[in-house]
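This structure is in structure tokens; I'll ask about it shortly.
As written, the chains take the letters A, B and C, and residue 1 is the first residue of each chain.
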Amino acid sequence: MTINRRTILKAGAAAAALPLLGSRAFAQGEPLKVGFMLIGTPNDNGWNFGHAQGAKFMKDTLGELVAEPTIVENVPEGPDCERVLRELAQSGHKLIFATSFGYGDYVIKVAQQFPDVKFEHATGYQRSDNVATYNARFHEGRAVCGTIAGHLSKTGKAGYIGSFPIPEVVMGINSFVLAARKINPAFEITPVYISTWNDPAKEADAARAMIDQGIDIIAQHTDGPAALQVAEERGIVGGFGQGADMSAFAPKAQLTSIIDHWGPTYVQSAQAVIDGNWASADRWPGLKEGEVQIGPYNESIPADVVAAAEAVKNGQIDGSFNIFTGPINDHTGAEKVPAGVTLTDAELLSMDWYVEGVNPPA
Amino acid sequence: MQFRLEKRLEPSRLMLYATPIAAVLLTMVIGAVIFSLIGYDGIGAVREIFFTPLTNAFKWQDLGVKAAPLIIIGVGLSIAYRANVWNIGAEGQYVMGGLAATWVALSTYGMSGWWILPLMMLAGVIGGAAYAAIPALLKTRLGVNEILTSLMLTYASVQLVYYLVRAPWKDPMGMGFPQTRIFSEAARLPTIIPGTIVHMGVPIAVAVALIAWFVMSRSVFGYQMKVVGAAPHAARYGGFSENKTIWLAMLVSGGLAGMAGMLEVAGPFQRMVPGFPTNYGFTAIIVAFLGRLNPLGVIFAGIVMAITFVGGEVAQTSIGLSSSATGVFQAMMLFFLLAGDILVRYRIKRVAPAAEARA
Amino acid sequence: MTPELIIAIIVTVVGASTPILIAATGELVVEKAGVLNLGVEGMMLVGAIAAFITLFLTGNHYLAIALAAAAGVATSLIFGFLTLSLSANQTATGLALTIFGTGFSALAGQGYSARPVTLLGPLFPAEIATHPVWRVLFGYSALVYFSLAMVIAVWWFLKKTRAGLILRAVGENDLSAHSIGYSVVGVRYAAVAFGGAMAGIAGACFPLLLTPQWAERMTAGRGWIAVALVVFASWKPFRLLAGAYLFGLVMTMELYAKAGGGPLSVIPSELWAALPYLVTIAVLVLISIRRDASSNAPACLGRPFLPSN
């Protein structure tokens, strides 16, 4: 990693030119201050934990080039986050990551007032000169999980706990089912939306309700290990960790996990700001870039199933396999994507329909 | 040696002003000590939470915007509580006011005209008052405890927000996320100081408090509210209807909460989102008591609460104090403030143990 | 619906109902003494983290329950001191207590979130506790039987004992109870402490009975449902029991309906979530219509005791 000292000086001078906005720090040669705004706390074992780990990775990688990252937790999606964004910008942070969808309006608004500060908004879609968006292709990991589920499920039925039916969740469900049905064409899944990101007792009860009605594989798109713990307790075939490795909570039931690894993307952005070549863009890396990782496979999974899962993973890494390549039918059985056609990113990002094999929620 | 409380003939003026200040000072000292003992930067925490929001001029706009809804709702509640009407469902009335205003904004989407904001304001006030009318009706007709009904209705209203933004009001361009579209220009509150986020709600809050103070201390209405609250029997002889007072108290407090809801949704939010219920209605209950149920005191209390909110975030960014720690700070300050209330009405007297035979 | 599924649903409903039943049983006694403590949610969170840390460090489930109760009592005494000794407003103090409990539990729980523990196992031997049919009666942990026993104990205490009579007298008419020579403040302290212990144990149910982990704010509003439940039951212990299971059924049927499809699955989840509160209002209205004006609410509920000496 090469550091261009001159660009650091340039960035420092730019900051000094804007005393009106209350920039306190960032004198010449000072380390870059990076701020992170979280919707929960890093103690959630899931989404927020992943971002905090990414912040730590950035600091560990860039060392003296960046200051100790500032993490503001429990910031609600609303006017409160506007205040936090301004506070971060005024206190000399030159790169700010807003890590929840509902921050979008406010990121755009505050970014106009601080043209010398770079903002990056996770899972969002609104950009401007100094606002970039980024996300991770979690659905690629879902395809790996779905492959395992298709092989191992005895009942051919899986449950899926979601928070809200937003495209991100819908595309995860679809990816999972498409992969599973390549193995077991009768595979079906029932999503249950619980209208909250973090109510562990409700997640656990949702898992119980699904297991009692015949599913033997469980997946979830909420924070935390509650559903996996129920899978462990009930002794069903298993489930998947989401966001982080959750094998400590469910050593038998966690078949594998999808791990968010935001670190490299945070390093890349911070380095770009330091080098002075940061540019607004929409980044959507996945397995290939290492932003989405597949955790260790459970020892109980037969070798041929692991091989099949690895094949799906490697296919997505080398680009030979895409889970959203047709033919794909929607849940009524009508053809939605013709053979050989692959859904575009824009189509994925507005996905509001379910593929065949999903019992759509009302 | 034991202590005993003796009721003052008149509430102490000195204590009325001295106890809130003492409570805040005590919070700083004890908070700094406790947090230092458990390994935090206790002095830094106190500095960032209580002083930075005041010393840093960039934070003043935040204090105003954060305090405005607390003051508007708190003033309404202090009027109701004076009349012994325990509306604790202001959060629900705030939410319904916001929803009613959102309904107007969405119905007039794409239109322009000066009349849209006043119409939203009217809808917000009516929405909040109508939601407060339910506990008022149940109380006056059936004698149902308004504390309980107004609280239950709050939780129902929050679910209504979730439903509306997820299904019928969902932004068609919002990528499926549960929220309404951004209001059009005419349905958004303009900022009144260029370059800041200070919107109309801030002067409105001050005006509401001043008007309420004037009405409560100078008018028959205010007198009626206070008499019914302090001495219901005497009030009946004086020809004041208790039911009428309950209705007035609920409608005024609900209407003001609805107004705050309108100002929030049209100002800082500019669209309805699931995060709209932000506990302003509950926090305002505390604000009303900190302000000693006096509209002018409510202004002070609203600003104090806003300082702890804003300062809590400053402490997170500057010294890495966790949000849970600032919650503990806030609760501690509330405890001291509530405890100090007794000194206004009572004096502490030392008594010999022998005299303590009454109970 | 197969019998197996019905049994499974009952087992889940009992689990979901138990924490709200325990917390509400405590709050019922508090309210019967004329005190409204709205800090149930905060006390539950303090109980939950106390139970979790104890369990994580010692592995002893019963010690965890005991310390959760103690933590609940300690938290409730903050409320008791402010409202009873200093006659601060109960509504405001209760809300402040919830802010405190939320912040304190999160502070105390830092570093404990990635740690797994184990659930409290069934009370009865495995042969009967895991029997496909009999598990519906004997398959639960001690917390469930404790909640049932406490309902009976509280009913007996309020109805059959002299102390219970005094407690009700204090809640109905504090001034006359005071003039007869009872210590109004003393009785209310005892009631508030009991409510704190029960709320603490209700909090312990989260890591011990429902989901063996610590997560910030993991009670997710169930303390408020407990407050609603007391009103729904019109301050009667056995109605509280029925109401708790009804609320638990409402909370879990949503999930069973969505997971299984069928006619109930079309009801929006928001309506399910609002249902306990709407039904509680309906019940309040009904009891008021049936018994002209005087509902069962303790007459002094929420009012500070201010003897004019």
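As a working rule, a residue touches a chain if its C-beta (ideal position, glycine included) is under 8 Å from a C-beta of that chain, and two chains touch if they have at least 3 such contacts.
Fair warning: this is a prediction, and the values are worked out from it, not measured in the lab.
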Identify the chains in contact with subunit B as well as subunit C, in label order.
-> A
State the pair of chains with the top count of C-beta pairs in contact.
-> B-C
Averaging only over C-alpha atoms, locate the centres of subunit B and subunit C and give their separation in whole Å.
-> 27
For subunit A and subunit C, what's the span in angstrom between their mean Cα positions?
-> 37
Residues of subunit C engaged with two or more neighbouring chains = 106, 110, 216, 270, 273
Do you know which subunit A residues sit against two or more other chains?
-> 41, 195
Going by residue number, subunit B touches two or more other chains at 162, 166, 322-324
Give every residue of subunit B touching subunit A within the complex, in rising order.
-> 56, 58, 62, 65-66, 162, 166, 175-179, 182, 197, 264, 268-271, 273-276, 278, 309-310, 313-314, 316-318, 320, 322-324
Contacting residues of subunit C [partner subunit A, same complex] = 5, 8-9, 12, 15-16, 106, 109-116, 119, 206, 210-213, 215-220, 222, 251-252, 255-256, 258-261, 265-266, 269-270, 273
Spell out the residues on subunit C that touch subunit B in their complex, using ranges where they run on.
-> 36, 38, 78, 81-82, 86-89, 91-93, 95-97, 99-100, 102-107, 110, 181, 183, 185-186, 216, 221, 224, 227-228, 231, 268, 270-271, 273-274, 277-278, 280-281, 284-285, 288-289, 293-295, 297, 301-302, 306, 308-309
In the complex, the residues of subunit B that touch subunit C are 6-7, 86, 88, 138, 142-145, 147-149, 151-153, 155-156, 159-160, 162-163, 166-167, 282, 285-286, 288-289, 322-332, 334-335, 338-339, 341-342, 358-359
Complex interface listing, subunit A residues touching subunit B | 22, 35, 41, 70-80, 82-84, 86-88, 90-91, 93, 101-102, 105, 125, 164-167, 170, 195, 349-350, 352
